[in-house]
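Look for subunit A in each of the two complexes below; its partner is subunit B in the first and subunit C in the second.
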Partner chain A sequence: MTDYKTPLRKFIQDNFQMGSGAAAFSDADSFMTRRIIDSTGFLELVMFLEETWAVTVADDEMVPENLDSLEALQGYLTRKRGA
Partner chain B sequence: MLLHHDFDRWAAETPDAIALVSGDERVTYAELSRRGARIGALLQGQGVARGDRVAVLLENRIEFVAGLVGILRIGAVFMPINPSTKDDKLAYMLNDARASALLTEDTLSFVWGVALAQSPTVKSVVVTGDAAAPAGVTAAVLPWPAADLGSIAPPTLIDQDLAAIIYTSGSTGFPKGVMLTHLNMVSACRSVSTYLGYRRDDVIYCALPLSFDYGLYQVLMSFRLGACVVLRANFSFPVKELEIMSTRQATVFPGVPTMFSMLMALKNLDKFDLSRLRMMTNTAAALSEDHIHKLRALFPQATLFSMYGLTECKRVTYLPPEQLDIRPTSVGRGMPNEEVWLVDDAGNRLPNGSTGELVIRGSNVMRGYWEKPEETAKRLKPGPIPGEMILYSGDLFRTDDEGWLYFVARRDDIIKSRGEKVSPREVENAIHSLEGVYEVAVIGVPDDVLGQAIKAFVVTLPGVRFTEREVIRHCLTRLESFMAPKYVEFVAELPKTGTGKIKKTGLA
Partner chain C sequence: MTARPLGPHVLDLDLTAEVDRICTWMVDAVANTLHRRGVIIAMSGGVDSSVCAALAVRAFGTAKVYGILLPERDSSHKSADRGAMVGDHLGITYELQDIAPTLAAIGCYQQRDEAIRRVFPAYGDGWKCKLAIAGGAKGGINYFKIVVQSPDGTIDEKRLGLKEYLQIVAATNHKQRIRKTVEYYHADRLNYAVIGTPNRLEYDQGFFVKNGDGAADIKPIAHLYKTQVYALAHHLKLPDEVANATPTTDTYSLAQGQDEFYFALPYNQMDLALWAHNHGLPAGDVAAGLGISVDHARFIYSDIESKRRTTHYLHARPVLVEPVTEVCG
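Coming up: the complex of A and B.
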């Protein structure tokens, strides 16, 4: 299975990490609850997914179940691109 | 008449009516009243008395509103703080207001834990979730009360007492606390809910932060009418929010231009049943004419109110929806029980068809900035009746022949991004703290989604190089996210005036 979590973690660490206390986050942590990404940040994250993995994120796929943690993103991209 | 009296009345008269919905939880007026009493009793037991400031650093959640009820009932002063505030600024506000207590949540302990180590006036912290005290915090850290703690000893309180202090960005780079009395807030609440026509059967969808005054007023106005508020923490996932609006049968949707832009970018809006939505209101920044047309085409069932306001008096003007086609770019006129007019530089009232500074007269005008007499004197000046003060908005407007108002420009350099006020000085200070930065200038540039986006021009010391992203990330660790630049341009030097001050007029 393709590992999306490692490059995504790096992208998030390089670009967001809004709170100093959010320095370490687990694969299951909600970006919203941990205040790692806010609403504009999610738009940037979607652009990153689209550019990096040539996917198109449909409006109704823009939901926390797909985007709000590394695990959710891993699942979403795996479903989207095939395992 | 005090700010919480309407709420108390509904809690007695319609105890089983739903006051708040948050996630799967539905809270009645009676239950919210009980939860408010618990937090009030807890604070009173900690020694919080009439006039003491209690800061609230919470997301949009039921505890925020219970805290509001409890604080008002014990006669303390409610001080909402944006939950994305960073530790330095939180410490500044706690110290500036000499807050005695803080209501907050465990997920934010990385912020308040640091701030409290520098804020000795705060004696008690009440925390939702895990109430473990972070290292270095000497204040009593208490769990959110889950059981009744006895009744509140009612304080002596009149409508001239402060109900809230709401911090707003100032051009000096340090936020100022806007002091609002019970009378100020009751007046604003009554005027706004009257012209909007809020009703008791309304379901108000609120994703605006309750720490932002128009978000807070959704709850206050709902409590005036005995209506219901659906609380949402944010608008990050618009499709999710439309689902909620639909399933909760929302009738009122208050927003800011950024939210409406996000909705307009969606392709399948018609999937959602929003037939109950009867009203949308826009504030914080103007919608473009194009967006007004699109929004009305997308939501023909809802009337749209364009409005303009200032934390210093809550609301200044609104445009009645039937005027939207006639003068779409107008922000309207003064609201009920409030008088507004334009003045020239000498303070003389100007006739219709002029351009000048907007001034506001009414019971909704603040008492001043907390312990900042000089700043207060710039904004509050004598009015027509001896002894009364009127508010100078600091914004330039023009009027048409009939007296309808049109925004022209701000008189200071405050930027409006995502509907929030951003002080360029505050962003410049944050960037300056990055070692290797020599000079910096921050301006606002037009942006379709944000209104204005923040752009920084940075001169680095010889041999020092940063990437745009490094500067933005540095800002994100120090500033609320809406203050972080979207663009950073590295330049060899900045334009200067004859006296060597940075000149921003040529930057873009």
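Coming up: the complex of A and C.
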């Protein structure tokens, strides 16, 4: 199975936390609850997904169940692109 | 005894006492904290700025309240007409300055249209547009759609990508910032304070432009729900056209309600949901009070928190390495 979590974690750490020493987050942590990504940040995340893995995130796929944790993103991209 | 279900009664105010409280506070703030000699009020013709103007006249008298009407290319002519009507009704001095040439010179319309054309290449003269929020009220993640109308009346819409969304908002924010620049010109000229006119929904949910309509010296109705502002408009005997006006953004060329642009529900329902959330009521009470599903009520609560997180930056003062206590406490 393709590992999406590692490059996504690096993107989030580089782009949102910017080496600020923000607390580490687990694969299951909600980006919203942990205040790592806000709604504008999710647009950045979607752009990253679309540019990196050539997927198109549909309007009805813009839900926390697909995007709000590394585990959710791993599952979403796996379903979207096939294992 | 069963408590009354959630309803508009929770927003009932002693309007006479509230007007007295606000007016006493305004005079004290302007005279003793800000040390200004009067107030500037930009009048959009909407209920919030009209109520603020009426409160200012009660507090300071007509001679110390200066009104400004600031229309531009996309604002409705009804807005300036209603603003002038309020100025006349209150008996204050006001002037109109069309800010469209300034906005054109700074690139507002060109930068916005260039971003829209990346989504709809045919967009140009004769077309209209607006932004609409989606996602949050249905349990999703908030995003914005651009809605366009071609000269033949055809409507189309698409979700905005990050770059286009940010550019359209950045360009459009020139409108609120240029207005504020003009307001502060008059404030400096007259040694007056500037009134900011957000109601509680707007203030809490970050429905304002940082250093644009968010900038002001006093904000007399930021603690009041929109429903309460309408009640004050009637109490203060403002013209019916204002006291019964539907809230709009008056920022995009297509007609647009504030709920469509930003809020998850019409203002009267959003007021109750926000009040309930602020008072710790469970989502089930909101569902029963508004006649919506419990899931929908949970989504509204989640959306309120999401908007607070996203717009925290708008409220933030400049961040210092350490407090400079000699000047800012």
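By definition in this document, the second predicted complex is superposed on the first by the 78 of 83 C-alpha atoms of A that agree within 3 Å, B and C clash if a C-alpha of one lies under 4 Å from a C-alpha of the other, contacts with A are read in each partner's own complex, and residues count from 1 in each chain.
What we mean here is this: a residue touches a chain if its C-beta (ideal position, glycine included) is under 8 Å from a C-beta of that chain, and two chains touch if they have at least 3 such contacts.
Being a predicted model, the structure only gives us computed values, none of them experimental.
Applying the stated contact rule after C-alpha superposition, one finds that A:Val63 touches each of subunit B and subunit C.
After overlaying the two complexes on the shared chain, residue contacts for A:Val46 are found with subunit C alone; subunit B is out of touch.
In the superposed model, A:Asp14 makes contact with subunit B only, not with subunit C. Judged by the touch definition given at the top, the superposed model places A:Arg34 against subunit B, while subunit C stays out of reach. Put simply, more of the residues of subunit A are touched by B, taking subunit B and subunit C as the two choices. Once the two complexes are overlaid on chain A, the subunit A residues touched by subunit B in the first and by subunit C in the second are 32, 35, 38-40, 42, 59-60, 62-64, 67.
The touching residues of subunit B, counted against subunit A in their complex, run 83-84, 86-87, 107-111, 114, 233-240, 258, 262, 266-268, 271, 418, 449-450, 469, 472-473, 476-477, 481. The touching residues of subunit C, counted against subunit A in their complex, run 134-136, 139-143, 159, 161-163, 165-166, 306-307, 309-310.
By the touch rule above, subunit A contacts subunit B in their complex via residues 14-22, 32-35, 37-42, 59-60, 62-64, 67.
Residue ranges of subunit A in contact with subunit C, taken from their complex: 32, 35, 38-40, 42-44, 46-47, 59-60, 62-64, 67-68.
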